[in-house]
């Protein structure tokens, strides 16, 4: 399998690009200062997006810079960031984000992530898929991704699963954890440890439905749209900052099971989109909101 | 103004078409029985849609029939409906539904309804616009629609407004009441009197937000979609059977006011669509759900 | 691999349902006659859609019938169809359509079809994947589908490939041929043999672009939407009756390669949708148009 | 009528904001130089978007700056632009663009523009509506916009109409000409005079249809989407740089007239969107493509 080359046409490989993100309090002169450092490093700005949040008074910037020597770029921009009291990242655009997938039994979202990683659409590496059921093993192995199955039937096994997640994150230098229909409630402790680096997907409706079996409720109410929301994992269950949302039209002929199937489609594509943006450093946090520089 | 002819191209005027809707308990032979009556009346079925609800065991049908003499059609199909214990309507397709609009201050939804009634897109007549503010008067008069302004600042005036609504419904033989951003809570009594004949529009989000100023909440949470839901008015506020829903993509740069403006666009088009389907007898009720034969 | 069970929730398995499609000249009494036959067979109509084409004077019907004995149903409805001069199909709803996939190098559309067949979303069997390159072999084998690779570098090999397609269709009793980015021009002879049973997918734009490298043209013109069209294969290249179309929003930052990647996404989901409707007998032909009873 | 205040909630009135757009050859240091000038003028960058076109080697920038004194801003940035050989605009964000509407008989697009100008959604002034038919006069007068009717039945009258357009542009200092279903072919001379300042709307399909009555062709082919494209007017008829596109789903039950009605809806909203972006200086030209900083 290692020599399988999918013929999906690849996304253009950028030249020697670096991605800088910068977050700090808004004050005049930030762009000028940062772009001065880029010029001093001999860099050229290929793309730049910024946003000033009137809600929080914070300033957000993402830029792609082409430069001969990335070390020069870092040497010039890091002092600027320090002076601004800014949080900064400087990363080669072509570097692939190390991503851990947590699944359960459902294959749709995991399949989409694995296929699109392989085809080159997602700029990530996937060193591990972990799940509380064995069923996704064949799929992971087809894509040459090590699969780890730890059954979870009680609180002790759940704690062990989460402990193993922590170990894999450390061992594999994981930068992003994707809950691809993981179906387990993450403990508050792990939620906090994963703050800003874990993405979850769940179904969404207009209006929202609380409680068990939302598809049944949506069917009973006769909703005309079903959808999905990708969001950061926080201790406030399913209430983290929203990254992306999509909907699909349904009608009265659709059964509860069909609503679920259509909802799953939206889950797959919404989660994959969120992972792509995260891996490209396009998502920044403004309090409880996301800034997404698409 | 009476001779203004908008040059909007009109929807095709159907021949001598009649629309039949029929709702009854599901049992074998319904379509056969009804179509037998149509054949006996010399009619031809131009369009037919049906749905059997596994939720409620009810059967729903809408058909368009071309026939030389509508009286023959009624004479044949009404006994069939009686035998089936069915609720039936038999109506000329070209008959325009008598529609009362209730507004307040916002013009967007009312403007859309009036313009599309005039252009021939909406198969309705509008004998009256009623509002608790005066501001929509000029707009109504431009379209030659009598406008009635009754201020509402307390419970007595509200009761008087609702009483006047009842009178207008009786005087003008109103068949559909449209709450086009009416902004008043309808009393439970009037809700019940208007059951199945009143349509409301309100903004919608994924997830739903409870409480005051939902646009502010949606902004704070960073939603990526805003939308609107048209639904039947019931005593359960904003929880009536859903007729139609639409969404529009938004992002972090949109202010609360912009979210509102975009939400209003969705409100206008969603409400107009719901009114069109209602006027064409395309909406039937299955318990708390709508069957929409689009 | 044979024991892999994806945990994707399955579409509801219908009871003993049969699907009837009927196409004939429009004349009064068709629905009455057909439903009479259903009643006589002890069947119940679960779903019925019909359409009268004013363009061609043809009548189209699809109905789902629950019945104790399918043989009774056939015995009753076939004579009715004969009397009407109608083309009729009577098929168990749960029967899976035998489907041949033709591919080349691109994996996206083939992967989507195989995954959704396995997950139960697509009611088809796939006895064979054939391609003029070897690269899709691993993917097909992962899903336990026999893969046949026949290189095509000249007209003789192309004729041999097409001859082998004919043999596989006969050997495997193929009912649907899906060109999943097959990238070869089908000979006029094979086009005619496959009339009404072969579906192709290709990218689409507003406006359309003729000639080579349409994505490059679309980029140069600055299109804001890219999409895909699934259509029946006809001798008139890419001009067959349209089954389904979808679009996605793009902008000036997207490179030609990115437009291609987004277009491929639309191709996958549009082709899968078209295959699903075909396998459910929802697509009927009205001259050069499709009637799609969704 | 002058005291009519629509209660549509207004888009937030920005503080003392200025919008700068800048287009020049791409070279390192542009953003740094421009933001230096902003800092020198005591300004703060509220929003900044830029794009480097690999197609043409051109650089595009739009920024919103808050500043105490706009004259200071102009004094600082204009020399920078001169040094870069850049095309620059510096304009108060709240200034309303002077817009001339050219119509014919169809009211849908003109009505949408007038209503949204009045409601505050469109940051434009409309000093005049001109048309070759009288029918839109009442609508224009309702919105207090002077209406000029010049019949066009032959080449001389057409030349006179275009000459009058030139005069109105000069008299009223028109900055944007909107062809809202104007239905006349603009002479090559006027096209060139209006280069980059005139927007047209027309219907669009996948695939495109050439020749007369495209809706009839689209119907015959059974398209599943109809849409609209807003583009700059160029001598190459309907082939100008694309600004915005939208589509709507249709099906086999829609008549040619219904396709037209749905297409008109898309025309209205697409044209209004394009006008809004233009008035906000969000559209820049990159050869035959538009850069739209949404």
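Labels A, B, C and D are assigned to the chains in the order they are written; within every chain, residues are numbered from 1.
Note that contacts are C-beta pairs under 8 Å (C-beta built on N, C-alpha and C of every residue); 3 or more make two chains touch, one makes a residue touch a chain.
All values reported here derive from a predicted model rather than from experimental measurement.
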item	value
Taking each chain's C-alpha mean as its centre, the one farthest from chain B	A
Whole-Å gap separating chain A and chain B, where each centre is the average of the chain's CA atoms	41
Rounded Å distance, chain A centre to chain D centre (Cα mean)	36
Touching two or more other chains - residues of chain D	47, 51, 253, 255
Graph class of chain-chain contacts, one of line, ring, star, complete, other	complete
Chain D contact footprint on chain B (complex, rising order)	1, 4-12, 47, 104-108, 111, 115, 119, 121, 133, 135, 138-139, 142, 253, 255-258, 260-261, 264-265, 269
Residues of chain A defined as touching chain D within the complex	26-32, 35-36, 38-39, 42-52
Parts of chain D lying in touch with chain C, wherever the complex brings them together	51, 54-55, 204-208, 219-225, 227, 229, 238-239, 241-247, 251-253, 255, 286-292, 294
